[in-house]
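Next up: the structures, one after another.
The same chain A turns up in both complexes below, where it pairs with chain B and then with chain C.
And then the complex of A and B:
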């Protein structure tokens, strides 16, 4: 087995590459694939190195090629093939394409400490959904939020709140999928309120480009209507807002 | 410090101890006096201003470099005594002289390192006073009493540290426990210093004890702010890991430069002990990190989002790369070490599944939440969020991955420990079965909660991470509790051939030390950088020309440069200690 170490290592590397390339749908972006294959290469090499017998078995074929202990055609193929392969990869990497350049976009923009809504300044840290203070009326508020959602948000965020409304496909990036565990369930309601109220233009300048088509909803909806819509998107998507233990917010401010 | 060994227990050693301690106190006093004079002179000579600018490097970069170097040396002088005390205690318990020699060898390095730490601290103080006078005055208005306490602690630390060194040979044998007590005092004093300094740093992140107009209301509240204790614990553990890693790297260097098999054997063993302590302290470190992260989020979601999901999130991918590589290096070092243990080959077959878990864990950990993609790739994904890979970008997956990696590394250690031993107790089979069960149950709990946490709110998910950690810690405790009686009186297949390890294993030890240092620099930058344009978050804004966040490229270049400078300085410390040692 040890004498096949080199072939096994090479075979494993190719098998992993093929798996990542072919079986991840939609295809993994090159940036992620590069991270993965770099790690896999390092892992395979370290595993081989971690045992003396394996390491010697791994080194034997390259040594044989460089020391001339293999047939001339094999030697020529390897020694000529390697630079050609490297050159080809370099060619692929450097050839200009029509693709737009990479965009280092982050999923969650950082919220400001305060923002203005309909002429009033709001501190984000102290902001909570006022409609949750009356649990008896919550179902009614959610129902009202549903109506607001279907009149305003449904077209992009969709019937199932999965970011797949009838207009969704014309946007890049797609509208947020509220059913994804990585979206609203990771955020406090105050964050969602800020995003809805200030829309795409309210995003921070620190990490542009955002390309968000989200309208500035405070221009179309009253503050309470926004809170109601937020109640609905959480209830309708089966998620709950991020919360911390009670009392900690007060501790933070002193 | 370079004193000779075998100092008699009366007469000269006492004189030498008093002289040594006096020299240490004198040195620190001179440095502090010079700092005070320099600060006074600069304040008098420079025109009054909120900010002054330093030519060439600029204010921020200068303070950054000096502060980080100061912190690294401080970690070294706090970490090495912990490392030395642990090995000294092991030496006393096992009555093996070599542990005592190892502890002594590293304590020798402390004097020079203390001096460098103090010099860097003094330069930092002068820089603050000269470049940020308004900010420093404000901090002083809140923390002045703690500065005085800090001074007292510095002198206390110098006195006990010098006592620890100079009484080494006198307090041997029956008097060893007194020496251990001094060692404990060195560490308690060091820890107190760390805790005081952390109060200032954490106040800048999560200010407390001040009113709406920023006037101080409670010094205690300001010091014990929300992020204070998490950083204390995080840094304390990191210092032990750091001290062990530096010790291991030193041993690796000595191994590679060794002229004889005897020396190689000695330094091989030393490298193993250093790495053992480093990785032992490293294992609970991510848990302390989660706690800190959680407190940051609790204090300010804005700061938390900046850190984990916003502009700084890509630096966490770098962090994942380094920590994942650390796990790789630690395991590979142990597996290579198995080659010098007769009977170690019995466990080679476990390397395949262990490497598989480590690699998969690493892949998950390194999966970015916000993926960099071309326009075509984004169109295919429907945004920068991949519907499948995105599952690995969240904390649910990363917690699961890191817990499994920790469990695997622990298993590597345990197999290494068992390398040449065959249990002879009657309940061997049952004991091994119970150990396997403990590991499997822990892995099951980790994976189970990991998957389940995708379906629950964040606050519940965070709670799950505690169950995952608890499962891993309990499994480790159960494994060790069984292992100790299991291996009691075990038959030895052969003696460990210290020194008979491939040279490439030593590079894994260098890697450990460099990675720990790099991580400290990187994490320190993230922690400090997320304050963005605030000196004191949300309270005192940075109104200087440096009130902007650097590009990641520029920031990481500075971090890497600091690491290079630190290792150059540490090499100088080692070289001087070696020279002193040879003179003897």
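And then the complex of A and C:
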């Protein structure tokens, strides 16, 4: 067994490398791969060095090569191959790939305390959906919201409210998927209202307002129409707005 | 004697002819519908998922109908495009199920299999048949459908044979010589409802309504597309082998889309080709940039004609050249009376990206804080340059060092923009190694597109690939030599300490 230490160590190292490189999807960044492989190298070396016999067994093949105790072709292959490998890896690492620069983006930015809609100042903290106060009329309001949604929003946010409308693939960031628990169901209606009313240009700098294709809906829709559309995106996607008070969320129906 | 032979021949023909017809397109019985109708469930599903486009009575007049193109199907006349049944017949339940499940590419009809169960989709099949005011589904249900069978192996010979059929059967009269929907008969077509309709661009297989598998293309010209000028070719192309060859040829006209965030411009030694058809352009990497309707600023435009623009770029010591190409079945160069001109616009930030501190101008025509530069080429060959700080603040500026050279051929525009690397006073230059944001606008005059009625892209990046620094070549060689030196040192040392006598 000790005789094969070097081959086993090298084989293990290559196996780990191949696994990390080929079977992680999407591929891990080179920096992460480097950290993993450094750890793997250290771990293998520590294991090999922990036992004197194993260590000698590990050193034997390289020693044999350098001391000339192997056939000439093997010696030449190793002595020539190693520098070529080093040069090749260095070349790969040094050649620039020219991928798009990474642009960090805040997905749910901190909303302002107040904002202006159609010339009126609105405090966000105290804002609730006024249409929820009349449960008897709720179904009718949701139906009206549905009409507004399909005349304005579905082009990006999709027929099934899954953020996959006919134009969705063109825009970065992708339009929000309302069926995803990470979107409207973790947001208060006041936040959603702010995002709809002020659109992409209303975002703070950290949320890359220049990329967002979300229109400034207060230019197209009245305040009440925005609230109706919000009722519909919750009802239509089977989600409920986040609230701070218990028991107010279940006025919403599927 | 001769009359006997004539008569015999006539009888033989009469007998043989129907046999031949029956043998042309083989038919099979329609498989049974696996799920029985539950009218209430069907109606509820329809009202939840379909009514927005197809309307309460199935007439294709829901609230979204006038903002989508092509218009939603009117179910009341029982005319359906995608069928496995002979021309003039209603589709099978399986045909309807397939369309509901897979959607109609190139339209706003989505693939409902993503959200609805099979049971729910079958209920919708039953429900949309209830809108049939003509009673066709009840009186003349589909009994037989065409046998599609296994598609053949696609070979170069098969594609060539298909090309011959495309020529001989005059497919090009509507679909154009290169298949871009620009044939001489393409203009002025209407569907059965009187709405304008254009022949499909065969180079955009991702927009084929019935799908773009070989079997789908085969089915489309075997059965035709009801309600449109696309006829069934079952009679004119009776041999299935011919239809497979044509399908293979049609399929070969499209290439997969290649999208990327970055358009890489290679450095070119010498003069950059002047002509859009210079073969040198074919050697450069191209990127397809998807386009959407401009639905952000008033007037909003929900039904753009274009869905993609392709770009390539080059640069040399003095200038950058950008080649853009896009398909347009109608050539609007100012000679078509009231039609606006076809136009392409390329948009860059006005300021040096490095000076923007991580910000960019708003992707639609910039904003008051950060302006954009627009290069605009029109179908009549005119080139304009503008600066914009939002749609309200646009001013024309001198063309300066910007040049453009464009042409229209076989349903496709190709336009080269060239400009000095440094740019004019007050605007950003291009520098190797720098990512310059870039966006596109396209307008199809025949489709009524002008001003903000246009298709647009998001920001992407133009990158002039810098010359590879010499260190990339030298450092690996040095490292290799260093390794070799280390090895030789080890060899010498080991041979001295452990002589070969072991």
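Operating definition for what follows: the second predicted complex is superposed on the first by the 145 of 254 C-alpha atoms of A that agree within 3 Å, B and C clash if a C-alpha of one lies under 4 Å from a C-alpha of the other, contacts with A are read in each partner's own complex, and residues count from 1 in each chain.
The rule is short, and it goes like this: a contact is a pair of C-beta atoms (placed from the backbone, for glycine too) under 8 Å apart; a residue touches a chain by one contact, two chains touch by 3 or more.
All figures in this text were calculated on a predicted structure; none of them were measured in a lab.
*Asks:* Once the structures are superposed on A, label A:91 by its partner contacts, choosing first (chain B), second (chain C), both or neither.
*Replies:* So A:91 only meets chain C here.
*Asks:* Once chain A of both complexes is superposed, is A:99 in touch with chain B (first), chain C (second), both, or neither?
*Replies:* both
*Asks:* Quick check on the superposed pair: does A:2 touch chain B, chain C, both, or neither? Answer first, second, both or neither.
*Replies:* A:2: touches no partner chain.
*Asks:* Touch check for A:10: first (chain B), second (chain C), both, or neither?
*Replies:* A:10 contacts neither chain B nor chain C.
*Asks:* Is A:151 contacted by the first partner chain B, the second partner chain C, both or neither?
*Replies:* Second partner only.
*Asks:* With both complexes overlaid on chain A, does A:222 touch chain B (first), chain C (second), both or neither?
*Replies:* Touch partners of A:222: none, neither chain B nor chain C.
*Asks:* If we overlay the two complexes on their shared chain A, which of chain B and chain C does A:172 touch? Say first, second, both or neither.
*Replies:* Both partners, chain B and chain C.
*Asks:* Taking the stated contact definition, name every residue in chain A that is touched by chain B in one complex and by chain C in the other, in rising order.
*Replies:* In chain A, residues 99-101, 103, 172 are touched by chain B and also by chain C.
*Asks:* Help me check something: in the complex, which residues belonging to chain B touch chain A?
*Replies:* 206, 208-209, 221, 226, 297-302, 305-306, 309-311, 313-314, 317, 324-325, 328, 331-332, 335-336, 339, 348, 351-352, 355, 358-359, 362-363, 366-390, 393-394, 396, 454-455, 457-459, 502, 504, 538, 549
*Asks:* In the complex formed with chain B, which residues of chain A make contact?
*Replies:* Listed in rising order, the residues of chain A that touch chain B are 24-32, 35-36, 39-40, 42-43, 46-47, 49-52, 55, 99-113, 124-125, 163, 172-174, 180-182, 185-186, 188, 190-191, 206-207, 239-245, 248, 251-252, 254.
*Asks:* Provide the residue numbers of chain A that touch chain C in the complex, in ascending order.
*Replies:* 63, 66-69, 79, 82-84, 86-88, 90-91, 94-96, 98-101, 103, 146-147, 149-151, 154-156, 158-160, 162, 164-167, 169-172, 199-201, 205, 208-211, 213, 215, 219-220
*Asks:* Considering only the defined contacts, which chain C positions touch chain A in the complex?
*Replies:* These residues of chain C touch chain A: 49, 52-53, 62-64, 67, 107-108, 110, 112, 114-115, 261-262, 264, 290-293, 295-298, 300, 302, 358-363, 367, 370, 435, 457-459, 461, 463, 465, 468, 471-473, 475-477, 479-481, 483-484, 487-488, 490-491, 494-495, 498, 500, 502.
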